[in-house]
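Scrolling down, you'll hit the structures one after another.
What follows is chain A paired twice: with chain B in the first complex and chain C in the second.
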Partner chain A sequence: MPRKRPFPSKNSRVQKRIWPQFLPYILTTPIILFTVVFVLYPMFQSVIISFYDSRSLLPQANDYAGLKNYVWLFTSPSTLITLRVTLFYVVGTVICSVSLGLVAALLLNVPYRGRGLARAAITVPWGTPLVASALIWFWMFDPQYGVINYFLYLLHLTPQSIQWLITPQWALLSVILVDVWRIFPFGAIVLLTALQAVPANLYDAAAVDGAGSLSKFFHVTLPSIRPSLAITMLLYTIWGMKRFDTIWVLTQGGPLDNTSVMAVQIYREAFRNFRIGRASALAVVGTILSLIITFFYFRKELNHEKA
Partner chain B sequence: MKKHSGKGIAIRLYSIYLPTLIFILFAVFPAYWMLVSSLQREGNLYIWPPRIMPDFTQFHVFQRLFTTQPIALWLKNSLIISLGVACLSVLFAIPAAYAFSRFRFRGSSVMQLLLLLSQMVPSTVIIVPLFILFRNWHLLNTYASLILADTAITAPITVWILKVFFDTIPTEIEEAALIDGCTPWNVLRYITLPIAVPSVVTGFTLSFFEAWNEFAYALTFANDQQMWVTSVGMASWIGWLTTPVEIMMSGALFFAIPSVVLFLVLQRYLVSGLAAGAVKQ
Partner chain C sequence: MLVKFFKLCLFVFVLASLIALGTSVLCAQNVELKLATWHWTEPGRGDTLKAICEAFTKEYPNITISPVSLPYARYQDQMMIQMAGNEAPDVLVAADIMFFAFMNLGYLLPLDELINLKALEPEFLDAQKISQINEKTYGLATEYVTYALLYNETLFKEAGIDHPPTTPDEFLEDAKKLTKAPNQYALGTRHSMNEEGGWWYEMSYWVEGFGGKWTTDGKPSVNTPEVINGVKFYKEMYDANIFPKGVDASTYRRMFWQGKIAMLTDNQATFFLALSSNPDLNIKAAPGPFENKLTNAEIVFYTIPKSAKHQKEAAIFLDWFYRHLKDYGLGVQNVVGSKSANKIILEKFPYLMTFVEAPLADNGGILPKGYETRLPEFRHIVLNHVTSVLINNADPKAEMDAAQNELLNLE
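Take a look at the complex of A and B:
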């Protein structure tokens, strides 16, 4: 007896031919429109503002300054400092967070009693809101009553208390520490999920071939979690490039520009010095730099998928 | 089954349990210190050596927090905005992620690049144009402005998470259903989405936190004190430095608890769901 199909109606064949062509566009249009209105159009306006030497929120026609802001940007020594600090900050956070996240994920992937509790504990920083973590680390870094200096004192590591957020050589490292603490659990969760999705028979096959645990890691685990690893690194990089809040709350870019990453420098220029044009010029150049990095990443990943 | 020898246990101790313990201490200690610092007698925070245990007779610090600071209002504002952002992000992201994962169409990679690009724009870059836009639309000091601005940040992340997950779901079931005459919409509704629930929950949670955390927009678009969200309100404590440390810490604790708890609850469900999905595959 032939099975009755529920869905095909008279015009189903027509539908099938029309739907798959238009469907993807119908599905993607809302988010694309939304992004254009609330991100790309404002970005475009920033480009326009960057050609004005404006001292107020609304650029006036007679504020038009041509390339003045860009000339300032490429001749000012503070630009170089901003680039150096941003690079150090981003590379430092990404490397530390990815490594810690991967190690944590590998540890959590081993089955034992109480593993769920360990997993929960490790994800606490990720759930802690940004301003809350800034407040708590601000207090822990306190030179006089902070608990970090107390631990160093107990371990006899330093002769005197360290002024974490005020000393040039420590401020950037302190800020990196806070952000690594906040974001490494994200990598741990994503990578743990990926590790659990690695088919067990791959490991069995490797074991039959006589692979040791190191060899298994490099030939089975790493290739299997590669997509997740790439996504994690990409997100960490993007977040690092735009990180503003933690640094602003902890150091406001100081001491002496030592923690003034791109986003903080833009904010200082706009809302402290009220040079919205200069801030926008810096923003445009910074965005182009980030774009180039993403473009290369995206192309590489696409090629990888095709292969 | 392997036999557990003494040597095997020692290896596990040093290679797994001890490193895990160090990770746990690193992750949890600041949260613990937040608790210790909020439950202290007035003035006890400024002594050396610091007290390392909370004083459980000091719970009335939370009463002081709620009577001296408008934190209930801030928390309510944060909650409304975060829920709005999370719902809106998921609504935008599901169809888009499905399209990117399942269909090969012209402009697909350009659109994905566009979404990725939107993620790279720091809020400080577009904050002035957005301010002008919301002022023209009379949306300043409304929930709507913050929900819209925050969703522009979170929706693309959610697309990304969902797409990666959709990619791991084998297409055979869907193809079979399509051949049987199921419409693409019904395939998404009855086959793909139920499998993808964990990743939808992930996207929802991450969007919620992003909005709960957001600081720069909230500071700029909602400067009326009635519209302050918790992050802006608490950041104002750092600015003034007249708020006692135990009040600051108890506020931070109160702000952190809902998001940490929600995250832990969802994460259990999320990981077990993902594991089940992997087994099916």
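Take a look at the complex of A and C:
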């Protein structure tokens, strides 16, 4: 007598229908919880604290000050300096990092001997611990013993040592240089991936139409890697707006607040001046600016895709 | 089956509760005090502190000291966060700047009711009065590091100088003789905002030497003629290129013990650091080249946070610690720390009396009276304007007037 195959139980049928529906939610719950507890809740608290004028990390009810911190923010001369420095820093870092990253990606896309080694070597700045690399640059910038001045002097490019980190005209450029060195490999890797995805027949077609190297670059390469270029610029902009560590190690925001970007000013207000309310107000404004930039980016991308 | 299972669970629960109760009773009898300071990892001072704590535990076996060690650069931020979160250590060491910040935020316990301060009075340092606010004492000043002129006698002799300078003009004249850039400089000093905290000590030293005070009667007085003269003199030193520019403190201190810098305005810890790095160094200490010979100081306080879990035991430790400081020579590297420990060091290096004898500037020198808790804002404003004088050749009077205005408008 053939063995009776057991009829599928009602429970297992229900499980097969319901389980797949809930599985995605179950899998994403931990990350959502993490984001809510460690990102959104502190942001919310920061917004609340920005309405208090307190020197304690936990403001009390009688410290409530309404919009006083925002009034200070929008009327203080130091805010204008901070915004100006942040703008200059972000624009400088983004332009230089993207340009250098694109050049590196183009060079790494061309086949040659040792290309694998070059691709590995280019990730070294990105992989070096942040504070360690900033300290090494601090030493390299040393006017007395630093290698940068040594080589400039050896090559007769400068008659005397340059005080890179204590003169206003050089301090911000020095900080930008260090950050560009550190972050351009990320752009190089992202853009390299994008370059490798460009169909070769596009270049063939361009060559048939008589396009030279430059024309191919502007009319084939750039449009093809545009989305990757845009996301890289967006990420660099957001990272630039919250950059703190390198600048603090190198200059602590000086000289004459010439490297006092928003994150440095937030830190100074919170942990040096003990003005947690003002620091939170600055942080809120910084977040809003980042969101505005992100909004415009996504709107542009959406319009481009529609077109 | 189910009944047996529940019986087993109940048995395990009761057993675990008994163990936990027993452990907590035992723990309640043994107290572990957390002592937070950046000194734990300092050569010499850290070992001495450990020895003191071990000796204390021998006398009080139910109280052990657990070190909470943080580097100085992160110490204040970490302690602020811990105290705000009611997770403060039981004993907290605070330098003067932090001490006022913590005290103003209400994080520190007054010691008057916990410790018999009258009995400790004979050993009190001059700086102890700074910890007394509204007739309450919030900390015990265990040591303070003062500043003096450290100089390399060999370099002086080579330049034909037979004694350390005693006036600012003599100082500048000697400094020009001692400078043979880039291999040798007359002075090592902080002079930029990336070392704002340390530069404040140096700037205060020179300004007070000219008779200046950062505040008078609790109000900013940064544009008085004396302060402006101090700033002008600093500018003269800057323009004369007598110190290596852009070089940080760890570099110029190294240059000092390598014999490449002739003078430092620094504290006694640097004196011992230089000698330990180069025992052949022929260095001496002298008062600053000013008529008033004033010095400033960084004062170290031992305190008990309000949220300390073992306040009574912390008070017992503090009392014992203060009475036994001299036996363990904790002030060895910081000469003025302990009046009795001084004797050993001063027999070997008699010129270090400079650090002991130098009269302290008002309120310790670096703390503007009335603005103690706002020192970071105060010094940032002042030093920013001094930077403008140094780098942009701005007029010192105009800049200090601007600094004064900003300070008066500080909210």
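In this text, the second predicted complex is superposed on the first by the 274 of 307 C-alpha atoms of A that agree within 3 Å, B and C clash if a C-alpha of one lies under 4 Å from a C-alpha of the other, contacts with A are read in each partner's own complex, and residues count from 1 in each chain.
Definition applied: a residue touches a chain if its C-beta (ideal position, glycine included) is under 8 Å from a C-beta of that chain, and two chains touch if they have at least 3 such contacts.
Here the structure is a predicted model, which is why all the values come from computation and not from measurement.
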*Could you tell me whether chain B and chain C fit or clash when both sit on chain A in the superposition?*
fit
*Touching A:T128 in the superposition: chain B (first), chain C (second), both, neither?*
first
_Going by the contact rule set out at the top, does A:S228 touch chain B (first), chain C (second), both, or neither?_
first
_Looking at A:L67, would you say it contacts chain B, chain C, both, or neither? Reply first, second, both or neither._
neither
_Under the stated touch criterion, which partner chain does A:P24 make contact with: chain B (first), chain C (second), both, or neither?_
first
*Examine A:V91 and indicate which partner it touches, taking first as chain B and second as chain C; both and neither are also allowed.*
neither
*State whether chain B or chain C is in contact with more residues of chain A in the superposed arrangement.*
B
_By the touch definition at the top of the document, which applies to A:Y145: first (chain B), second (chain C), both, or neither?_
both
_According to the stated criteria, A:Q252 is in contact with first (chain B), second (chain C), both, or neither; which is it?_
second
*chain B and chain C, closest CA-CA distance after overlay, in Å?*
5
_Residues of chain A that lie at the interface with chain B and also at the interface with chain C_ = 57-58, 138, 144-145
_Complex contacts: residues of chain B adjacent to chain A_ = 12, 16-17, 19-20, 23-24, 26-28, 30-31, 33-34, 37, 45-50, 52, 92-93, 95-96, 98-100, 103, 105, 107-109, 111-133, 148-149, 151-152, 155-157, 159-160, 164, 168, 180-184, 186, 209, 212-213, 215-216, 230-231, 234-235, 237-238, 245, 248-249, 251-253, 255-256, 259-264, 267-268, 271, 274-275, 277-278, 281
*Could you please specify the touching residues of chain A with respect to chain B in the complex?*
5-8, 12, 15, 19-21, 23-28, 30-32, 34-35, 38-43, 45-46, 49, 57-58, 100, 103-104, 107-108, 110, 112, 116, 118-140, 144-145, 147, 150, 181, 185, 189, 192-193, 196-197, 199, 227-228, 231, 235, 238, 241-242, 244-245, 248-249, 262-263, 266-267, 270, 276, 279-280, 283, 286-287, 290-291, 294-295, 298, 302
_Residues of chain C defined as touching chain A within the complex_ = 76-77, 80-81, 84-85, 101, 104-106, 182, 191-196, 244-248, 251, 255, 373-374, 376-377, 380, 384, 387-388, 391-392, 411
*Interfacial residue positions of chain A with respect to chain C in the complex*: 55-58, 72, 138, 141-145, 161, 163-168, 250-257, 268, 271-274
